[in-house]
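Dropping the structures in below, format is structure tokens.
After this come two complexes, each holding subunit A, first together with subunit B and then together with subunit C.
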Partner chain A sequence: MAPLKIESKLPSGPIEQAWEKAQFEMKLVNPANKRKYNILVVGSGLAGGSAAASLGELGYNVKCFCFHGSPRRAHSIAAQGGINAAKNYQNDGDSIFRLFYDTVKGGDFRAREANVYRLAQNSVRIIDQCVAQGVPFAREYGGALANRSFGGAQVSRTFYARGQTGQQLLLGAYQALERQVDEGTVQMLPYTEMLDLVVVDGHARGIVTRDLLTGEIKCHVGDAVVLASGGYGNVYYLSTNAKGSNATAIWRAHKRGAAFANPCFTQIHPTCIPVSGEYQSKLTLMSESLRNDGRIWVPKKPHDKRPPDQIPEEDRDYFLERRYPSFGNLVPRDVASRNIKMVCDEGRGVGPSGLGVYLDFADAIRRLGRATIAERYGNLFEMYERITGENPYEVPMRIYPAIHYTMGGLWVDYELMSTIPGLFVLGEANFSDHGANRLGASALMQGLSDGYFIIPYTIGNYLASNKLEKVGVSHPAFRSVEAEVVAMTKKLLSINGTRTTTSFHKELGKIVWDKCGMSRNAGGLEDALGRIRGLREEFWKNVKVVGDSNDLNASIEAAGRVADYFELAELMCIDALDRNESCGGHFREEYQTSDNEALRNDELYSYVAAWEFTGVKSPPKLHKEPLEFHYVHPSQRSYK
Partner chain B sequence: MKLTLHIWRQRSPTAKGQMVRYDVPDVSPDMSFLEMLDVVNEGLILKGEEPIAFEHDCREGICGSCGFMINGVAHGPSRGTAVCQLHMRQYKDGDVLFVEPFRARAFPLLKDLAVDRRALDRIITAGGYISVRTGSAPEGNVIPVPKEKAELAMDAAACIGCGACVAACPNASAALFTGAKITHLGLLPQGQAERDQRAKKMVAQANVEVFGNCTNIGECEAVCPKEIKIEVIARMNRDYLKAAWKNRESYRDDDPVELALSRGKP
Partner chain C sequence: MAKQAMFRIWRGDSSGGKFRDYVTPVDEGMVVLDAVHRIQAQQAPDLAVRWNCKAGKCGSCSAEINGMPKLMCMTRLSDLNLDMPVILEPMHAFPPIRDLVTDVSWNFRVKKTIKKFRPRSPDAPDGTWRMQQADVDRVQEFRKCIECFLCQDVCHVLREHHKHDEFIGPRYFVYVAALEMHPLDTEDRVKDLKDKYSIGYCNITTCCRQVCPEFITITENAIIPLKERVVDQYFDPLKKLLHIL
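Right after this comes the complex of A and B.
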């Protein structure tokens, strides 16, 4: 394997013109030649769907894969709140620079300025594109697009389609994709899971997949591979991600040479419905927009078991409003989550488990009337009641933080190419734009920016700059990777132990959540590393996977994914241990200010940690990509 | 509480299937229906038996992956609910439930409760989109869309493509699904240019996919987890008739039925 190189290819010159300049400098593929290139896109969410559709439209020969039965079922469909864009339609002082500034600051100065600036620039075009596709965004009475303020932003720049923004954006991308399927430029392969990457002479040249219906293992050859397989939040077992979301595509690519960046940067969303029992299979997010009108509180005294309506005003602690007078309940996600954990650790949490705080609408209902609240949040209230059996118009909601998003992911350069030439990574699967903490309504924006407006240019540059040798599935590299994939499935089926995959996954998730979740410390992380390694060994000796490898078998699918989580969880803890500072979602208890705020260390840690895989049992190698800030000066974030 | 389940088990598309009885003790009212199936499946795996196959992903009623019949009703007894959102507090101790896959000729069975709904994708492929090249869109606010129109379009666009409408329909018609997309795009100013073609092509595709015809029974609306109104079928019929009556030549000069056939059947 060629030595791993971290070259960010950041453009020079003023940031405002950087992307345009970079685009101009990129080589182009002649229109007549595009159809001669085969591009493999793994994933059909916002990132993969928009990329496959746009590349097909340009004339490339695209194959798009998803494990779902239909590309429209990708996890992006579940995003509720909205998508940001610096349109300044509200005339409230927004601009591309402000969105850029907010995102760099919100990411706690651990993202690249040039990437974030480009994202803010592209945000505007995304809205135009989606409107033209027929995405039914919310409108004002005059017919103009409506906006709301979201996730603590002080301007209203969030576009939304009821509580179903992700669904509508994804359907837009999906329809564009289906149009290309009809045109014959894209071949869609649903129920197909990528299980490995094939690298030939240092370039990504193909993938090995399993047909989830027949179990058939197959090789696909391409001139470039695009991974848009989503985030890895399900390492924690319980998360707001869909059950099928997994890290297999990126993890196996990592093992073939793609550096993994900032794996410990995970986001915990403050407003989720608390866990109700052992059987719990996933957590449900309650949209962040609820914090616009709901007030968060706990009893002042620990272990106060009175029902909420019997706790008088003077015995309540509206802790976010108290600690952060200017942002109040709207502080960013990491700050809100950490504070919720803090009050619960003090024994002031509510609900049967003590792991919950109230999100109370009584004041808002008094002020605005029940009808207004119903109009704003009716569907969310209904969803809450369906799950908990409690009516939030009458009893305050109970919420608790949950894993929601992963900022870390495969390292990519400015052109979204990983450390393996020809392997591009888009959407939540890469690490690019959110630093140590993502702002609300920015993931949808990033996925679409990557897919519609970046990869179409950068992939051309790669293809036009590299002369690739013709290879076929009979090439030894394909044969050997395929054999490894077959062997792994066989191995999993042959163990025939006594524990189910789910029981391992739950145990792993609990370790990672306790030790590498909302707050971390060196001792805990060391402990977690030991336990994860032990559990992994037990898994490979004692897991029970049933059925055959040659048909629809959820048991095999799950086992392969969990096998990867063990290794990824280990890397997350190693990264968290290595980063001796607190920033964004990564809160190391040893590094905090006297009033418990995150304490960054810019002198030593202003870098992207890109990890190179060296073997399952050997320590990964750290490569540092230094971060420089020329436009937004690093300061301690303050939401007081 | 204790429940008795009778679940359709069928190893493969061609194998013979049958109902199999499972007694489930200790069902918590706070569990979701799928979580209860998870518990049953964990038990089966430990016994070395294959878990019951069912599709699911988001478990919050938005991805459209889940869906089966409970006591003959698609997605079970609660209105406006996908089966993943159904909670066990709907049931009482001693209840007996019959769980079967969605059945329709256009939805070949894959295994147990999982069916292949790719025919729905092909209906979209046929024309369920607005053709706009990436990067060629005008400024978002150039075309105002009246709020009521946008809301109506959103009502139809809420479809999650689960196929419950087809499963509930005695004719196994996909009219609610097809009508929802035709309505969503047809209500918006952006969708006008292709409106006639869209209706013709999508309806032709639905016919080729061996979905039945709509005879206005309305079962589809009753089971739709997104409560899409049957009115979308009327809008589809209107667009289709108008398009057929105008008998305009397609810009591609292709016969929609021929095209639909070429898109292939399962």
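Right after this comes the complex of A and C.
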């Protein structure tokens, strides 16, 4: 394997012209030649769907892999709130520079300036693109597009389609994708999951997949591979991610030589429905927008078991309003989450498990009337009631933080290419734009910016600059990777132990959540590392995987994914231990200000940590990509 | 609660199958999918069930619960009579793959036959359009669809009469409505509704609307207006009279 190189290919010169200049300097593929190139796109959510559609429209030959029956099942549909764009329709002072500034600051100064600036530039075009696809964004009375405000910004720049912006944007991308399927430029492969990456002479040349209905293992050859397989929040077992969302595609690519960047940057969302029982398999997110009118509180006294309506005002602690008088309940996600954990750790949490706080709308209903609250949050209240059986108009909601998004991911350069030439990574699967903390309504923006507006240029540059040898599935590299995949499945089936995959996953998730979740410390992380390694060894000796390999078999699917989570969890803890500072979602207890806020160390840690895989039992190698800030000067975030 | 409940689950594949009973403890707040997971964890690790978001949004966990098409993740046990066995079956209108998983790919093939969105040219010189919120709301209702296919499952034209080759089913009338009523769309699908999609087979029993987990008013807001368009264009007696004259 060639030595791993971290070259960010950041353009020089003024940031405003950087992307345009880079686009001009990129080599192009002649329109008549595009159909001679085969591109494999893994994933068909917002990032993968938009990429496959755009590449197909350009004339490339695209195969798009989807582990669901239809792209519409991708977890992008679950995004509720909206998508940011610096249109400044409200005339309230927004600009590309301001969106750029807010995103770099919100990410606690751990993102690349040039990437974020390009994202802000593209944001404007995304909205136009989506409207032309028929996405029903909310409108003002005059028929122009409407906006609302969102956390971490002082302007209204969020475009939305009721509480289902993700679904509406995905329907747009799906429709664009289907158009290309009709044209014959894109071939969709549903129920097909990527299990490994094939690298030939240092270039990504194909993937090995499993047909989830028949179990068939198959090789696919391409001139470039695009991964858009989402984040790794499911390492934690309980998360707001859909259950199928997994890290296998990016993790196996990592093991083939793609560096993994900032794995410890994970985001915890404060407003989720609390865990209700031992057999709960997944958590549900309630939109952040609820904090606009809901007031968060717990009883002042620990273990106060009175029902909420019998706790008088003087016995309640509105702890966010008390500690952050100017931002109150609207502090950013990481700050809110940590404070909720703190009061629950003091024994003041509510609900049967004690892991929950009240989100109370009584004051808002008194002030604005029930009808106004219903208009603003009706669909969310209804969803909450359907899941919990409690009516939030009458009883305060109970919420608790949960893992929601992962800022870390495969390292990519400015052209979204990983450290393996020809392997591109888009959307949540890469690490690129959000630094150590993502702002609300920015995930949809990034996925679509990558898919519609970046990859169509950069992939051409790669293809035109590299003369790739013709290879087929009979090439030894394909044969050997396929054999490894088959062997792994066989091995999992042959262990025939006594514990289910779920029980391992649950135990792993608890370790990572406790020690590498909302707050971390060196002792805890070291302890976690030991326990994760022990559990991994036990997994490979004692897991019980049932059924056959040549069939619909969820047991095999899950076992393969969990096997990857063990290794990824270890890397997350190693990264968290190595980063001796607190920033954004990474809060190390040893590094905090006197009022318990995250304390960055810009002198030593202003870099991207890109980890190279060296073997399951050998320590990964750290490569540092220094971060430089020329336009936004790092400062201490304060929300007091 | 903390009591026991019996779940009578269909186990089998395309060659046939039978019901098997599982008794499992149930706790407060559980939904049917939680019970299925508990059964999977403790008694039947090979039980096949498809699910993903557990928030009623991905549309994967459709099944028939006590004979009613429902999402397993959105059906609370407290709404069922647990003194009787809870009967869980795969959807009937589609071929079974295994246990609770069905092959719904027919739906995706049908979707491909429907003419795609074709917007009018932009309203403003900057390439943007103007739309009224009321028009946006009208299509937004249809675009809430999560393609769980419960409406297709309950529709007697598909379920009992197996008209899969002629009839596109409520889901795709909703899809056609989302396109036809879109304020920007210029395509015409009315002839297809009559000839290719056999909208006339629907006799508005409203079963589809009753099972929709997204509460889309399928019959009244989508199908009936589309039927009216077909009638206006092809079966208007006055127009016919004018033609004869």
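Heads up, the rule we're going with is that the second predicted complex is superposed on the first by the 639 of 640 C-alpha atoms of A that agree within 3 Å, B and C clash if a C-alpha of one lies under 4 Å from a C-alpha of the other, contacts with A are read in each partner's own complex, and residues count from 1 in each chain.
Here is the rule we use: a residue touches a chain if its C-beta (ideal position, glycine included) is under 8 Å from a C-beta of that chain, and two chains touch if they have at least 3 such contacts.
Computed from a prediction, not measured in an experiment: that's the story for all the values here.
On the shared subunit subunit A, the superposed partners subunit B and subunit C overlap sterically.
By the touch criterion defined above, A:E57 reaches subunit B but does not reach subunit C. After overlaying the two complexes on the shared chain, residue contacts for A:G277 are found with subunit B and with subunit C alike. In the superposition on chain A, A:F453 makes contact with subunit B only, while subunit C stays out of contact range. Within the superposed three-chain model, A:T372 lies out of touch with both subunit B and subunit C [touch as defined at top]. After superposition on the shared chain, subunit A has more residues touched by B, the comparison being subunit B against subunit C.
With both structures placed on the common chain, the touch criterion links A:Q636 to neither subunit B nor subunit C.
Looking at the shared chain after the overlay, A:Q168 reaches both subunit B and subunit C. Touch criterion not met for A:N30: it reaches neither subunit B nor subunit C. Counting contacts by the rule stated earlier, residues 68-70, 72-73, 75, 77-78, 128, 131-134, 136-145, 161-162, 164, 167-168, 171, 175, 178-179, 181-182, 190, 213, 242-244, 276-277, 279-282, 284, 383, 386-389, 500, 502-503, 544, 546-547, 551-555 of subunit A appear in both its interface with subunit B and its interface with subunit C. Residues 11-12, 28-32, 34-36, 38-39, 42, 44-46, 48-51, 53, 55-60, 62-65, 81, 85, 87, 89, 110-111, 114, 116-118, 120-121, 124-141, 143-147, 150-151, 153-154, 157-158, 160-161, 184-185, 188, 190-191, 263 of subunit B are the ones touching subunit A in the complex.
Contact residues on subunit A toward subunit B in their complex (touch as defined above): 50, 53-54, 57, 68-75, 77-78, 87, 89, 125, 127-129, 131-134, 136-145, 161-162, 164, 167-168, 171, 174-176, 178-179, 181-182, 188, 190, 213, 242-244, 276-277, 279-282, 284, 383, 386-389, 452-453, 456, 498, 500, 502-503, 544, 546-547, 551-555. Put simply, subunit C touches subunit A in their complex at residues 27-31, 33-34, 37-38, 41, 45-46, 48-49, 51-60, 74, 76, 78, 97-98, 101, 104-105, 108, 111-112, 116-117, 119, 127-133, 136-137, 139-140, 143-144, 146-147, 182, 184-185.
Those residues of subunit A that touch subunit C in the complex are listed here as 68-70, 72-73, 75, 77-78, 128, 131-134, 136-145, 161-162, 164, 167-168, 171, 175, 178-179, 181-182, 190, 213, 242-244, 276-282, 284-285, 383, 386-389, 500, 502-503, 544, 546-547, 551-555.
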